[in-house]
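Going in written order, the chains are labelled A, B and C, and every chain counts its residues from 1.
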Amino acid sequence: MFKYIRYVAVLVAFALVLGASFFVDPYVLALMTSILVAVALVASWNIISGYVGYLFLGAAAFYGLGAYVVALTSDVLSWYAAIPLAGLLSFAVAFAIGIPFLRIRGPYFIIATYAIAELISNVLLYMEHTFAGTIGRYVTIQDTLQIYIAISLVAFAAVIVSSSIRKTKFGLGLLSIKGDEDAASASGVNTTLYKLIAFGVTAMFMGMAGAAVIPRLGYVDNTIAFSSRISFNTLVMGVLGGAGSVAGGTVSAVLLSLLFEIFFSSAEPFPFLIALGVVLFVAIFFMPGGLAQLFSRISKRIGRARSTESGASVAQATRT
Amino acid sequence: MKNVTAEKTKDESRRKFLKYGAGAAVVAAAAAAGYYGLQAPQPAQVTTTTQQVTTEGPATVITTAAKTKAPETIKIGHSSGVTGYLSAAEQICSFWYNLWLEQVNAKGGIYVKEYGQKLPVSLIIYNDRGETDTAARMFERLITVDNVHALWGSYGTFMSFALQPIVNKYKVPCIASNAAPIVIDNPNEYERIYKEGDYFRNKEGQPWYEWNYMLWNEMSYYHEMEALYKALLNAGVKKVAIWEIETLFGVENRREFQHFVDKYGGLEIVTHKTYPFGITDFGSIITDAQNKNPDAVVQFSYPGDSWVSTQQMIERNYNPKLFYNALGMAYEEAYRRFGVNNDGICSHGAGFAAKGKTKGPYGTGGDLLKLYKSRYNEVPDFVDGAIAFATMELLEQAIERAGTLDRQAIYKEMLKAKDNPIPTIIGPVGWDRGPWNEKREGTILQSQNLASPNPPESGFDQEIISSANGSVAKLPGLVEVDLKTADLVYPKPSWRKQ
Amino acid sequence: MVDFAGLVNLLFGGLVIGSLYALSAVGLTLLYGAASMTNLAHGEFMMLGGYLAYWLFTAMGVFPLYSLVLAAVVVAGIGALLYLGAFSRIYAREASVAETESMTLLLTFALIMILSNAVAWIFTPNYKSYSAMTNIIEFGTFRAISGRLAAPAMVIPLILVFWILIRRTWFGRAIRCVIEDRDAAKIVGVNISRVFLSCYMIGLAMAAVTGVLYSMIFPITPYFGIEYTMASFVAIILGTVGSVPGALIGGLIIGMAESTLVYYLEPALKIAIIYSILILVLLVKPRGIFAR
């Protein structure tokens, strides 16, 4: 019975999210749009960083790519077609980049992904400036409600896909790479292909997220589309939520986005930001596994209290 | 065995249920808290005086006063990058607009005829971190949640591009301060609009005043570059080097300047180098200039790179006969770093020259300079900060002229400014052919007399050495007044020991 | 074609910037190579040093070269507090190296928020600079502002001295032991926590000294740190993590690339060029130039 709770919960949440758009004021709608972007980015980030274990600091690269796909095809292609195109292109680019990049491990991978995002941003600016004679581009503006629906779809798709992967053979393969890559390879998992696909799926959702929201602004340039804060925020939200936990990541994305909005927006933000930094520091220090660790601690404690004695001791013995 | 597995699955399901349940509960709680927290009225920018609001106006105003109840304050909204990479610029502007706030509230506020009294002003300011989507969201908040009466925009042209659609959608008058967001990429188009007596139109052909609510405080860079072009020609410059920063500001300025050179001749561009924002070393660019030997170096810069280039030019003892360094030189940092070596350097004149005669309701630029120095104890920025102050003067007078706080009425009043320009410390403002200000000359400043035995106080060394408003292309409909306060010193003095 | 004087200036420019990167990199290689501290806030400590120098000069007239020592001492103290107060517990949890690295990454991210906003609050985000050591020194046709000369003149001897110490002294050997193989070092009897403590103090102090030198040449803002952190990571990866000469070379390479190589290619592509170098090295020699 509890097995289906997950699907019901997701459907209910989706309905709520969509329904809310009808009776909140435009500012809250705009805020929810931003929150959904964060959710989409973190959920997809979890695939390469949570399951495969390669912490990724280049979300801006694909988000920006998606945004530019829309910007560059503004005149020739309908926005509805541009979004999946952005996704496909991001997948392809990630696959291509991944072939050399996914050989790099650990913290080097983090730095390298940051580097590639900055590199793409720089090259794009250069090409725009030299060949198109411009710094930024105009984008046909779309209705805010349509953008909201688009990003909701992307976010929910990312969450569903990302959490479903875990149960599949593919997902288990990814987790085995995270555990011990060489052992996984030795036991027959095609680690290269798996990593590439994981990376590609991550990039696909990130690209679609960028494509979905950029028409809100009417104007895009490389600092807007490839802003490094996108990468940093995604990584921090993902880790705080617990790398590998889609639920944790989603909650963390929502929570941090709200916290940023409440505290960052003030015209005198500095004391709040300092306080936020301190809170983050303390939270990371005591809860390195993120929110997911917190949830499982809480649920374990409740579970332990409810079980019968014998059940509890046996359950404890068999608990992994 | 079976019992254990059953227990285990039940435990796992329970754990999962609790995990998702807790998660959903947290999300819901956070969302609710966020929603209500954000709906709470934001603390308005603290007004520094507690002067009593005095009622003014004729006694027969009883009926009007009884008609509508006056709001507590006039609310003017603003969003800008208090943190982030534009924070230095916003910091400068904030000193100036807070100075204005003090001044306006010290005299009781702005007189609004509809209520027959002066109302104090409060500024509602949000931090958009220099992010366009955040800025758009903050504007939505200002318009729909805080219900501001007027707005002024975020620092930076690219930010204004993002805010324009919001402002136009809700039809709220907004001044684009420190920004030049326009879709005229081609200076020839700008000239055509004047020559044919046309208006700036959108894709559907509608003239701008039917759909565009974002009005510029600044003018098109066209006229500044026109003034620069005239100055170079008058000085007898033949060869020019262009150094361009790779941002919108750099591109647009250079494009306008190049337009004059290409179309009206008289100058030769011997080299053109672009450099990225945040450049740390001008070595190669200076070497290139030394090889090409231009008479004038024209650098379209930002504060930051403008100092790197100047410092290295001093180091290498490279002293072109004319050095135009767009932004950053009329600035406290520049005086502190370069002292007497500021002498002779030209800069972007969009701000005010202390010696200039333009004045607004609070006095001339020189008066404000003295006030600023006495209040903050440092030399202000002459460009961005001055523009910000002028924006506030502009809004104040527009509201006063409109006599009401209705957004549409304020906007309509602003449209009338073309026949009755609004005076500010950087010059008169009025909009006619397009949403850009056309009532003011483009000017170029030069720092002078810093090495004389009685050097002027920093700030008072800036002289206007060239001004222009359409004379080069002979644009009809524009009035050009000569605002020069001194002649250009050419060649510029050599670098001195600091 | 560039004439000789122009070339010398180009190289000097690269040397100035390169020495700043180099010192920062040496500090980071110590922190990351020996203590597994992925210090995202490295640039922020640099910024602290810069602001200390600024404040000491403008408020109290302290000549920047003295601030080098003062900033080093103050930030070393902060480093000690950070280690003893918080970071030491992480190592005590016996977590794997990878976990330590990711924990420190996140903790230092929080530090970035705290430090940069604290400085912005106190000093405002506006550009700050001061005019010190602006006299020009001439060697024949070559001229340089003494503030710019100070950078390589201070950094290179400092790194050399440090390298000698790390090779010759007993304690330096202990540090190298820990860099090479932490568990072996433990077995041999090295006091790991004391090594870590010194790494924190020395590494962060080096960042601060870099900041002081930087502030003599460039204007500072509270937010300039992150790009220096990234550049430092590029430098240490280039030169192999844990290698002091590697960090020096790596830093110089980046500085030279930024100044000289960029001249021959395209100034606007500066970032792309530098990061391309990094990516190429990572792909060809993933452990860095000095890898064994």
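Note that a contact is a pair of C-beta atoms (placed from the backbone, for glycine too) under 8 Å apart; a residue touches a chain by one contact, two chains touch by 3 or more.
What you see is a predicted model, and the numbers here were worked out from it, not measured in a lab.
When the C-beta pairs in contact are tallied for A-B and for B-C, the bigger tally goes to A-B. The chain with its CA mean position farthest from that of chain C is B. Between chain A and chain C the centroid-to-centroid distance comes to 31 Å (mean Cα coordinates, whole Å).
Chain B and chain C have Cα centroids lying 36 Å from one another.
Among the residues of chain A, those in touch with two or more other chains are 122, 125, 129, 269-270, 273. In chain C, the residues that reach two or more other chains under the touch definition are 117, 120, 268, 270-271. Multi-chain contact residues of chain B (touching two or more other chains) are listed as 82-83, 246, 274, 276.
Taken in their complex, chain B has these residues touching chain C: 82-85, 87-88, 90-92, 246, 273-276, 278-281, 283-287, 290-291, 303-304, 307-308, 311-312, 314-317, 333, 336-339, 497-498. Across the interface of their complex, chain A is touched by residues 32, 38, 86, 89-90, 98-99, 101-103, 105-107, 109-114, 117-118, 120-121, 226, 230, 233-234, 237, 266, 268-272, 275-276, 278-279, 282-283, 286 of chain C.
Listing the residues of chain A that touch chain C in their complex gives 55, 100, 103-104, 106-108, 110-112, 114-116, 118-119, 121-123, 125-126, 129, 228, 232, 236, 239-240, 269-271, 273-274, 276-278, 280-281, 284-285, 288.
Of all residues in chain B, only 3-4, 7-8, 11, 13-20, 22-24, 26-27, 30-31, 33-35, 37-38, 42, 45, 82-83, 125-129, 131-134, 136-138, 140-141, 144-145, 158, 161-162, 164-165, 183, 185, 246-248, 251, 274, 276 touch chain A in the complex they form. By the touch criterion given at the top, residues 2-3, 6, 9-10, 12-14, 16-17, 117, 120, 124-131, 134-136, 143-145, 148, 217-219, 221, 223, 227, 258-260, 262-263, 267-268, 270-271 of chain C touch chain B in their complex.
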